[in-house]
Amino acid sequence: MKKIASGLMACTLAATMLVGCGSSSSSTPASTAGSASNGSTEEEINLKWALWDIDATAYYQPLIDAYTAEHPNVNIEMVDLGSTDYQTVLATQLSGGADDLDIITVKDIPGYSNLVNLGMLEPLNDWNTTDTSLYGGLVEQITVDDTYYALPFRQDFWVVFYNKDLFDKAGVAYPTNDMTLEEYDALARQVTSGEGADKVYGCHYHTWRSAVQLFGILDGEHTIVDGNYDFLKPYYELILAEQNDGICQDYATLKTSNIHYSGVFYNNQVAMENMGSWFIATQIEMVKSGESQATNWGIVKYPHPEGVEAGTTLGTITSLGINSKSSNKEAAADFVNFVCGEEGAKVMASTGSFPAIMNDEVVNTIASMDGFPQDENSKEALYTVKTYLEMPMHEKSADIETVLNQAHDNIMTENCTIDEGIQAMNEGVQALLG
Amino acid sequence: MVTTKKSSIVGKVIIYALLILLAFTMLVPFVWMLSASLKLNKDVFAFPMKWIPETFHWENYKTIWTKIPMATFVLNTFKLTIIVTFLQVLTSSFAAYAFSKLRFKGRNILFLGYIGTIAVPWQAYMVPQFMMMREFHLNNTHLAIICLQAFSAFGVFLMKQFYEGIPDELCEAARIDGLSEYGIYRRVMLPLSLPAISTLVIFTFVTTWNDFLGPLIYLNSTDLKTIQLGLRMFITQYSSDYNLIMAASVVSLIPVLIVFLALQKYFVQGVASSGLKG
Amino acid sequence: MAAKQAAATAPRRKGMSKELRENLIAYSFIAPNFIGFCVFTLVPVVAAFVLAFMEWDGVNAAKFVGLANFTRMFGDPNFKAAFWHTIVYVIGTVPATIICALALAILLNQKIKGRNFFRTVSFFPYVASLVAVAAVWNMLFNPSMGPVNQLLSSWGVENLPKWAAGKDTAMLTVILFSVWKNMGYYMVIFLAGLQGTNPELYEAASLDGANKWQQFWNVTLPQLAPTTFFVTIMVVIQSFKVYNEVYMITQGGPGTSTLVLVYQIYNEAFVGTPEYGYASALSMVLFLLVLAVTIIQFKAGEDKDKPKKKHVK
């Protein structure tokens, strides 16, 4: 009897999965977009916002406060799914087409492409009220077939952090805002010194694939989802040479010892460090608390290959989307428009984070933060001319990423030659692209 | 007896040397935890490693209680662990008695079914399970974790194997004395299986206490979360406070060690055989 | 086995109602655990097996695809890698873990000073924070500056192994780590099992002139049979299901050199577009593999049981 009962339950469960979620919401943007902007109906509205790191993130609460000040009838509940396992937990929460969450924070492009593939995100073309040209090309990079399913509200771009004291000690001139890769490499070699505990590395690449590979896409001629990776060879050669010459710490040690990029910078062990702009706020805070001993520091623009304009760099975006099963799309869209629009951008900048909409005002706000380096170059470094996403939008981006990461790992630990690694990438990704 | 005194002394020395070496390698992680918990975050993974921090940052042990609602997490974890351990030990020792000492229809099939599910990785059925629990409206409740953890096949298997080691003659004798099966379980089996029960208590306690994936999937509200989820709160997208993680880990290790040490006294030889004589 | 002895006594109690009553009593013992187990574990597991024949992304309607998920494995290089790595891991881990755990348990069952201390310490790697355990291990085996390689180089070893970062040594590193981390856990089970052994048998054996080794082989081991059986099955199952140890030491790398089945199952289900169908099919392969090994162990256990039981009595 028990067997039958449990069999029945399993069948029901399987049937639920077979049918998927039938209860898709019926409200459509076309019919209601007009009234979306004045969300001041007296009705009480509750929205659930999926995100991560509530306590460690400066801007969630200010954004909600700023919004609910204008819309007192809206109540926004944050649902913290944790940053490390965000994608796994989100996938589980949304399984079966659940409508529990209204607003979904999109952490990265592979995550975005998954949600789009699954049909979990509402197309935003008709809901959006902000001029997309303000985003400096970011929206275009996440548009699929003329439709975009999320709007960026935060962006980060790669710069070079450098330790002025170490440069002074070595008697080497500071890096500049216009460095070719060769100049940057030469500089790194000059500033490297010492042995053992006194060793100072000229530069530092975290174990992320993007820290090495993505020099290759700055010229705009290749993308990381091409299926052919021969163009990466010179960059691997450059960085492996640095690694073998002791100019940067070797990948295998970094990876197996879990060495975090911030610790080596704080401890005056690296003169230059390529890192995202998110590290600015952390470094400022750590200098204040005394944990970072790299108190005399600055930032300059990311180095670029010969012939590419200075200020061309890599970036990541954090975006907001709306659950296509949500029953509160109208209110959710209004909130998304606020956060991702110019009003939200001001709030973001005031907390020291880079909003997706960048302008002089935002740069000034951030550069005038207490603790931000005082030299002109550092402020100038905040202006970018072109930001390529670390991973461009592609249907298979998550799977491509897996292949590339495996090959990268093999090349950097010198378990295979550069050519073999690139061949593995070519074959693996071409197999995925079909 | 057979061995001479001299060779037994040599043997002792070898045994102790071996044990001390072993204890050393086993203790290293703990020493590392302690050392890391008293450092600044930037120095935790610094190479070469310093075992004794330059300055002792005892304030880490204060920070963990204020930076996250650690007290709530500790309380939640205690609540879950105690309930789960109690249910697990009770139901599985009960079921194991039937599997090892009673004969009934479908015994082998049922038992193989139990063990079979241990072989299926949780990652494979996590999503169907979550959907089912959501249908029961159990997601984001402690009850979900209790239901998932309290009825494991592992406990039944463990207890069954220990009962197998208890001679059937004891049960037979008790039956002849007129004890019911429940009476035999209560009066004969339970007292004789104290080492086994201690083992199961320790294992269930540790598993539930350190469980991460279950609470991660099922508990979203901060006031429901457990210590292991709390530890993850120190790992954020852009930085990880490993010194605080280690301080909290040291704290969370204490109850586990207390349980382990407290149950040591039941690891005494001859419990089962002393029953034989009586 | 108990079943057979019970079978022998059964005919003495006559009548169908008696048998029914016995069945009911047995079921009443099992019910509290079994009902919970059925609802919360068995049902989802069965559902996952159903999914193995479907294509499902977790959100939209699942589609029946027959055996497509299984035929797909033959052309999947990741599956081939994961499958063989899992086998290698199991072969490398299982005997070593059992032998170390048993040796440790016997050692710590002697009357020695500081016994409780040593017992507790052996359990440490299992309960200590995963991050700490992995960090210490990676530090000891650091390819360039770790003490293990420093020792090797002082012995004049050239071409020092790269351990976790080396294609050929990564799996060995994971295996060593697993044995070290888990032997304390199984030691506890053996220890509990040893408490059930009868000390009088040792006295009898030593009077017969048996040396320590003979005592172990002829007295201890047979008495420990149910415990060893349990430990063996659990170590085998847990080794086939290895995930954490790999995640902590190598994350499946370098490249795919330590990719194991559960790692791949996790990737298929949660990295990239969710493919729960394929992940379930992979789990089913894992399940069948483990089931086959377990049944062999059961059979072997039953065969061995008879002569040993006799010996004890």
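We just call them A, B and C in the order they show up, numbering each chain from 1.
Assume a residue touches a chain if its C-beta (ideal position, glycine included) is under 8 Å from a C-beta of that chain, and two chains touch if they have at least 3 such contacts.
All figures in this text were calculated on a predicted structure; none of them were measured in a lab.
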item: Neighbouring chains common to chain A and chain C, by label; value: B
item: B-C or A-B - the one linked by more C-beta pairs in contact; value: B-C
item: Chain A-chain B separation of Cα centroids, rounded to whole Å; value: 38
item: Centre-to-centre distance between chain C and chain B (centres being mean Cα positions), rounded to whole Å; value: 16
item: Per-residue overlap in chain B, given as positions that touch at least 2 other chains; value: 45, 47-48, 126-128, 132
item: Of all residues in chain A, the ones touching two or more other chains; value: 9, 13, 17, 91, 95-96, 253, 257-258
item: Multi-partner residues of chain C (each touching 2 or more other chains); value: 34-35, 39, 42-44, 47, 51, 58, 135, 139, 142, 145, 270
item: Residues of chain B defined as touching chain A within the complex; value: 40-48, 67-68, 126-128, 130-132, 134-135, 216-217, 220, 222, 229, 232-233, 235-240
item: List of chain C residues in touch with chain A within their complex; value: 34-35, 38-39, 42-44, 46-47, 50-51, 54, 56-62, 134-135, 138-139, 141-145, 162-167, 253-257, 267, 270-274
item: Chain B-facing residues of chain C, complex; value: 1-3, 5-7, 9-10, 22-23, 25-27, 29-30, 32-37, 39-45, 47-48, 51, 58, 104, 107, 109-110, 112, 116-129, 131-133, 135-136, 139-140, 142, 145, 180, 184-185, 188-189, 191-200, 206, 209, 211, 223, 226-227, 229-230, 233-234, 237, 240-241, 243, 262, 265-266, 269-270, 276, 279-280, 282-283, 286-287, 290-291, 294-295
item: Chain A - residues contacting chain C, complex; value: 2, 5-7, 9-10, 13-14, 17-21, 87-88, 91, 94-97, 110, 114, 117-120, 250, 252-253, 255-258, 396, 398-399, 401-402, 406-407, 409-410, 413, 415-416, 424
item: Chain B residues within the chain C interface of the complex; value: 1-2, 15-16, 18-19, 22-23, 25-30, 32-33, 36, 45, 47-49, 90-92, 94-95, 97-105, 107-108, 110, 112-121, 123-129, 132-133, 147-148, 150-158, 161-162, 164-166, 168, 172, 181, 185, 195-196, 198-199, 202-203, 206, 210, 231, 242, 245-246, 249, 253, 256-257, 260-261, 264, 267-273, 276
